[in-house]
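In the two complexes that follow, chain A is the common piece, with chain B as its partner first and chain C second.
Entry: the complex of A and B
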């Protein structure tokens, strides 16, 4: 339907688009270029790539890079595994509950990220809900330190990001004709076979766009890690924050920002190709 | 597995999923009404004292006011810049038009902490470092994609027939824009503005870099408060914020009908 409203004829009236385009060039692109230049302008005497050389040679930064990517991969995988069944249920079994489920998926976005983080803190704290429960049930002798561990950070991130995964996958599953699955059954496929060999391959586009989206958001996440990771994780966004705040090593912060931005822009192009190929957005 | 059992397993999974989604939110609401001065379970008594504290603690109120001002002005700015661009580009099917739309959406792709860090240094060159104007510009950059995306979605969905009909009936281009196009895309404009307002209110990473004495937004105040204490006033404040967001959504829905928006996108 969207395609019918578009035409190849006529030239674009650039006038109305110009203010927004110029605004972003002057106040969004220019700062990012400025930042890129700062990252290749180390103090005199050092080669231009000095900051980047340190990123990949200094064990501190190298482990931070590994942590940033590793955490994003883990969070994305968890969102995919836990979110796929919800998307499947939503499009196959939900029936008249469908719009309610969509609403429930979107409604957490009305709450601030600080509110959600605070909720997890109340659950994971030493005298929080989880420890109180474990103590009362006699499962542990004394409170365990969950807050400020990678575990609470991962749980918090999955919580924030999983709706994006579910909605991306559901958008593709929704377009599959249910009769395809029925046909597989008629032809003798078991439920598992029908899923693994028919439904899953056909939904890969949704899986891919959800994966890219969640990975991008996880890599740039900051508030959740700051309040739930408690220093146990040192990803690039946290180091940028720290370097701006205390160490004031702006050159290294600029280099890390540039790396994050480059990965994000590259992923955006991959995602665009995907959207163009499938028409799913 | 029998069909009934399978159905039960599915239902249990989806229930568990939504318990996971809503548990932390529900807990904040409960904690907001607890009496103790620190977050701990089991809860011994309930009171409204944390709500009183929220309204009595000046930094919270000042932060809320600043956040509202920035979010409102950034949404208006994004509407003024984004809407004409979206209308000019939405109906063209060419690589150039697609590239321009992609560019307008690109602030969504870059991590906010990178946007904030880069913009602070850049704007400082012009003396706009930790000023209200600098903060406003940064929020407007982040808001433009939301307005562009929703406007394009709605504008493509309404089709070109009604505009063509108006032209055939003798309307000038200005009349078509004012009496046909803008009323037709109104849900998109309202939806985009509302979305960018909510995103801006919640935007900590960008606001953080621009904070100074008179540009501290609410999330930044909450951040520094949470770094020093873990009492329920943040929970109470979160509940107030949630009510404001929910009230705003209901109000906009009453007046403009968000539901028609969710049908078109």
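Entry: the complex of A and C
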């Protein structure tokens, strides 16, 4: 009887999970194993760790790794600073405009990333909208080189990724009872104090979700960096693409992607630990 | 009635995984009469679907599936499933046709398998060492905005010097474009006394131009860079220049530098362990009528010597005797070294 009950419990637990489990095994675990094996199979004569040794001993690859992580941190910070007020406004003051604002936030995600990127190119080009405006306004006397610079890459990435931050934070802020903030005011807290000491700590779960989402997506971003950064930033995803597309060194590409993934996961845990420690949960 | 247990779920999963490992496609798929060929997007896809595939289908009754993408991806797909490749006939740049041929991924071509081959000059088979055949060729020339540049450069040296002086901004292929070693580094190295063994002069020329250059990493970026004023002149393919011209970019014009632009042939290969009927598709791609239609559509010269071009089309082609034939095999061997150097020195 007990066994039958456990059996039924087992079927309930495993049944719905099976498609997802199979999907993960076939499309995530198996490729990861394959990637791992490729990365430890260098050309004959080299030790198994040759690709990894090159990655950690060559200053070029180390600087590229620093550039990749630094860019992701910067983009995440900008998305947080710009996105939090939007999320706060959305949940507290938007009222009947809320649906429109959410739609405007999500709408860039409904268009192809290529289209968005080419849109930014039209804005940043030497004869693009921004330079034309600056020239017409007399603010510059000749066009500024924006395209193919780290600046245009960062702007493009923030534009692509900010909705993930806003929606993550808004989802948490929405659940906070406005009376908590009112109670803080009643007890003598200023608006800033109420925000810093009450609202912000209570919304850290949303901040954590948004930060992790944006950071991970920025770490793996490719199209925006290729078409807006123009090679001014040499991040790991661009180098991995090169290994696949130009040099066809799949082993090196596998090692690079494993290093990138390990760092991303490690940093994700660090972020989570920091945020959880700071939060009230 | 039996409940769904953990054990039965695992058994089902194992069975499903086992089934997934049974090879599908390839020969068994081939018996259904469908051939998978590859194509780039845009006009190339149009050519495959509307010009070559109908010739093949009329001759064999087989349907054609066109797989879009790029050569490195196709080569990886073939390499990953060599015994049962998902691709039967593929377009390939010469470098990758040679690389794949060396690995035994492509079959050797012959006139008994491909009757139209007898009308194709031998050089177009030798270029890929018989692992396929070149079907068309173009040249990576200089393309310029004729409203902004009234006196275009006549040579590579003039192009480099005037770019370095800031007379214009140049759009050069970046290292994100797989063929930059062949269409930029090698010709510049050659012009300045170097070559495959000594590419330093090529890198030096790029460095001199760097302050007044932008880099394109996708082949479709070039006209946009000129149109938006990001650049005024640059390196691009002659056929694509005329394509853009026909599409309305009347300000765009090609120049073949006096030293000769690199000739870039495109080849077609038949993949090993695929049905022999694939050779019929290769034959269709060499059919003179189909090749003329292709040339009219895509503005690249074709390799069947029986093709007679209309005069206005002939004028557009860069004469092959005024181009340079890159040493594709030698370049292929040093590409990793050049890419690494580019990443460190040029960063574009």
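The working rule: the second predicted complex is superposed on the first by the 234 of 281 C-alpha atoms of A that agree within 3 Å, B and C clash if a C-alpha of one lies under 4 Å from a C-alpha of the other, contacts with A are read in each partner's own complex, and residues count from 1 in each chain.
Assume a contact is a pair of C-beta atoms (placed from the backbone, for glycine too) under 8 Å apart; a residue touches a chain by one contact, two chains touch by 3 or more.
A quick note: this is a predicted structure, and the numbers were derived from the prediction, not measured.
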Touched partner set for A:14, first chain B, second chain C, both or neither: both
Chain B versus chain C as contact partner of A:121, first or second or both or neither: both
Partner chain in contact with A:230 - chain B first, chain C second, else both or neither: second
Chain B versus chain C as contact partner of A:265, first or second or both or neither: first
Broader residue contact with chain A after superposition on the shared chain, chain B or chain C: B
Touching partner for A:48 - first (chain B), second (chain C), both, neither: neither
Which of chain B and chain C A:253 touches, first, second, both or neither: first
First (chain B), second (chain C), both or neither touched by A:35: first
Common ground on chain A, meaning residues reached by chain C in one complex and by chain B in the other: 4, 7-8, 10, 13-15, 18, 21, 118, 121-122, 125, 127-128, 226-227, 241, 244, 250
Parts of chain B lying in touch with chain A, wherever the complex brings them together: 7, 10, 13-14, 17-18, 20-28, 31, 38-42, 80-82, 84-85, 87-94, 96-97, 100, 102-104, 106-107, 109-115, 117-119, 121-123, 137, 140-141, 144, 148, 155-160, 198, 201-202, 204-205, 208-209, 219, 222-223, 226, 230, 234-235, 238, 241-242, 245-246, 249
Interface residues, chain C side, partner chain A - complex: 3-6, 9, 12-13, 16-17, 20, 70, 72, 75-76, 99, 169, 174-176, 178, 180-181, 214-215, 217-218, 221, 224-225, 228-230, 335-336, 339, 343-344, 346-348
In the complex, chain A residues that touch chain B: 1-8, 10, 12-21, 23-24, 27-28, 30-32, 34-35, 38, 82, 85-86, 89, 93, 101, 104-105, 108-116, 118-123, 125, 127-129, 132, 159, 162-163, 216, 219-220, 222-223, 226-227, 237, 240-241, 244, 250, 253-254, 257, 260-261, 264-265, 267-268, 272
Residue ranges of chain A in contact with chain C within the complex: 4, 7-8, 10-11, 13-15, 18, 21-22, 25-26, 60, 118, 121-122, 125-128, 143, 147-148, 226-227, 230-232, 234, 238-239, 241-242, 244-250
